[in-house]
Amino acid sequence: MSKPRPVEYANASPEVRAVYDDIKATRKVTEVNNFWKYLASDPSLLKRTWETQKAVLASGALDRLVKEMIYLAVSVTNGCSYGIACHTALARKAGMTDAMFNELMSVVGMANQTNRFADGYRLPIDDLFNV
Amino acid sequence: MSKPRPVEYANASPEVRAVYDDIKATRKVTEVNNFWKYLASDPSLLKRTWETQKAVLASGALDRLVKEMIYLAVSVTNGCSYGIACHTALARKAGMTDAMFNELMSVVGMANQTNRFADGYRLPIDDLFNV
Amino acid sequence: MSKPRPVEYANASPEVRAVYDDIKATRKVTEVNNFWKYLASDPSLLKRTWETQKAVLASGALDRLVKEMIYLAVSVTNGCSYGIACHTALARKAGMTDAMFNELMSVVGMANQTNRFADGYRLPIDDLFNV
Amino acid sequence: MSKPRPVEYANASPEVRAVYDDIKATRKVTEVNNFWKYLASDPSLLKRTWETQKAVLASGALDRLVKEMIYLAVSVTNGCSYGIACHTALARKAGMTDAMFNELMSVVGMANQTNRFADGYRLPIDDLFNV
Amino acid sequence: MSKPRPVEYANASPEVRAVYDDIKATRKVTEVNNFWKYLASDPSLLKRTWETQKAVLASGALDRLVKEMIYLAVSVTNGCSYGIACHTALARKAGMTDAMFNELMSVVGMANQTNRFADGYRLPIDDLFNV
Amino acid sequence: MSKPRPVEYANASPEVRAVYDDIKATRKVTEVNNFWKYLASDPSLLKRTWETQKAVLASGALDRLVKEMIYLAVSVTNGCSYGIACHTALARKAGMTDAMFNELMSVVGMANQTNRFADGYRLPIDDLFNV
């Protein structure tokens, strides 16, 4: 067997179930998504990743919606189809409208374009950006 | 000569000067940064890029600060040192605090990590994300 | 016709068949995988790539298993679904266990995260790393 | 001020110092490298990242050397100069010889090449890789 | 609803139809491809992107075929399956033969390989390349 | 010692010198550039890479200039500063003018932008691109 497999709740160890339960309670969902079911093949990886994600995505200096949009922008830049699908859904749940999504995509596209201009034209960094 | 060179205002054509003047007026700065001076070796590229950037970064459904933070998140993901330096400065000018920058970095790091988990574990996209 | 097509053994030139035969003998498989069948549309590209891969993946200072895991780590980082599927299978054939795969993924995820921290926080390289 | 700054031990909070002390004890070094000093501007990010890295890089199913070489392979693929410098040094400390480094680079180069062949020739994944 | 949706001609606003008509006339096709139909959810993004693409891909110092091959090389490097499919077709329409495609892929593969050698071996840029 | 070092002609083995001599003769230069001097720490990697590069970049269905521009487009997309510097110089030597470079950059920027639109809007590939 070479392909990774998901761990369903019914077959999960108590340690894994505890993480699934916390995900469901925190996100107010009735089922965890595939991301967690696959990581569960390594319970310590699952636990570590969930605890970090819970801390990182909690509202703080940035609110949840902004964080989800940044997450989506990175996923689009990496061309990660799962990340794009998952965080589009999570960003919408946090309040992203169609207009916000379209503007986010405009910025992501422009940044990917101008990053290449910066590298290709070999831009020296302006002094005022280095302070 | 192989290395790209900046076009300084003193040596710029009227077409290039008009773009420089608009950048300075729009951004309320006294000097354009290197990005524009290097693109100016192709005046049509300069004009097109500036007009798109002005439209894309204007406040709309997302405000300027959120847009600059998305821009920065992409630049970090691409490892573009000029983009990072430039858009850290622009995001700060738009109101990004130290705490916001640190939270942005936490999200960017987490997204780059979990994008690889998603690909490496070959996650099938959950049905609910495909609607 | 725009889509690349595989070259099956039955329709292959003697030059291509010789490479297919060497792949089958070296890897102890009865059929070459799609990677080689598609490259075969350019026999010189096929031959060059196979000969390099045979040399690069042979046991040397690093054994075959470590090499396959490095190959997989790169494929995951690039988000290349074919490379991930193929080199997960080859790494397993070379001895990668479930526990090793999970640890590999933990390292790959962490490296992709901290690479962005390094770029985003604009870290100067410590002197002791530059010797 | 827009550029991130390192937090030196002398100016660090007790929480940050505790992490620095653990890094020094764990790695048997007398000074923490810049990576940690910059993350310390967000003590929770510093603590979380160090604890994850300590767990992820500890010997387990894979030994420390293999983990450091995978870390390096990812850093090279991402073109992250800090990650390359840091993890070349750490891999050497864990036992990587010149010959091992050169073979690692050969594999990384080949994987980056063939990942693009896989995508560009639009390879369908062989059935046997999907089990 | 979280998944982006295409805008078909029948339901499009006059502003969007005008862009669709110009795409069809310029490219001599009877139907616009999905790329434009999805961008149309933001008419200003659609218009801006089409106008830039028309200007950028027009024959100039480089002819259309070379531009399409560069577009394809970037799409392969990014692992963007839509871009690969679309610009393979457009490059073929502009005259790319099987032999040209295979040579393009050889160069793209080699460049992706040697870019990693350059970063991993930490090459200092030769003085003669910095003039 | 952790940092890779160049192998100068004076200290090179006969095997390495033979490659250096062939590079100098083929490219009509009096000194090999750093890329080859660093790879020379592994003579088999040096020889294999040079022989592949010589084959791949020779004029064929695509001429040398087009190949160098494709090489440069990939290097810019990867943000590889050495590759950008080296292949800008080689492309110029093969005939790339300022106007050609600027148009190349416009295409590279646009492709990097639209690749993200394609992924972010989750475009299904049109049937006509899949034939």
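Points to keep in mind about this one:
In order of appearance the chains are A, B, C, D, E and F, and numbering begins at 1 in each one.
The rule is simple: a residue touches a chain if its C-beta (ideal position, glycine included) is under 8 Å from a C-beta of that chain, and two chains touch if they have at least 3 such contacts.
Quick caveat: nothing in here was measured; it's all calculated off a predicted structure.
In terms of the stated touch criterion, the partners common to chain C and chain F are A, B, D, E, listed by label. Looking at chain B and chain F, the chains that touch each of them are A, C, D, E.
When chain centres are set by their Cα atoms, the one at the greatest distance from chain C is B. Chain geometry summary: the mean Cα position of chain B and that of chain E are 21 Å apart. Spacing of chain B relative to chain D, judged by their CA centroids, is 27 angstrom.
Across the assembly, chain F contributes 1-4, 41, 49, 52, 77-81, 85, 88-89, 99, 102-103, 105-106, 108-110, 112-115, 117, 119-122, 129-130 as residues in contact with two or more other chains. If the chains shown are joined wherever they touch, the resulting network links each chain directly to all the rest.
Chain A contributes residues 1-3, 44, 48, 52, 55, 129-131 to its touches with chain D in the complex. Those residues of chain C that touch chain D in the shared complex are 3-4, 33-35, 38-39, 41, 49, 52-53, 56-57, 60-62, 66-67, 69-71, 73-75, 77-78, 80-83, 85-89, 97, 99-100, 102-104, 106-108, 110-115, 117-126, 128-130. Within the complex formed with chain D, the chain F residues making contact are 1-4, 41-42, 45, 49, 78-80.
Residues of chain D that touch chain F in their complex: 79, 85, 88-89, 92, 98-99, 101-103, 105-106, 109.
Across the interface of their complex, chain A is touched by residues 72, 76-77, 79, 81, 84-85, 105, 108-110, 112-117, 119-122 of chain F.
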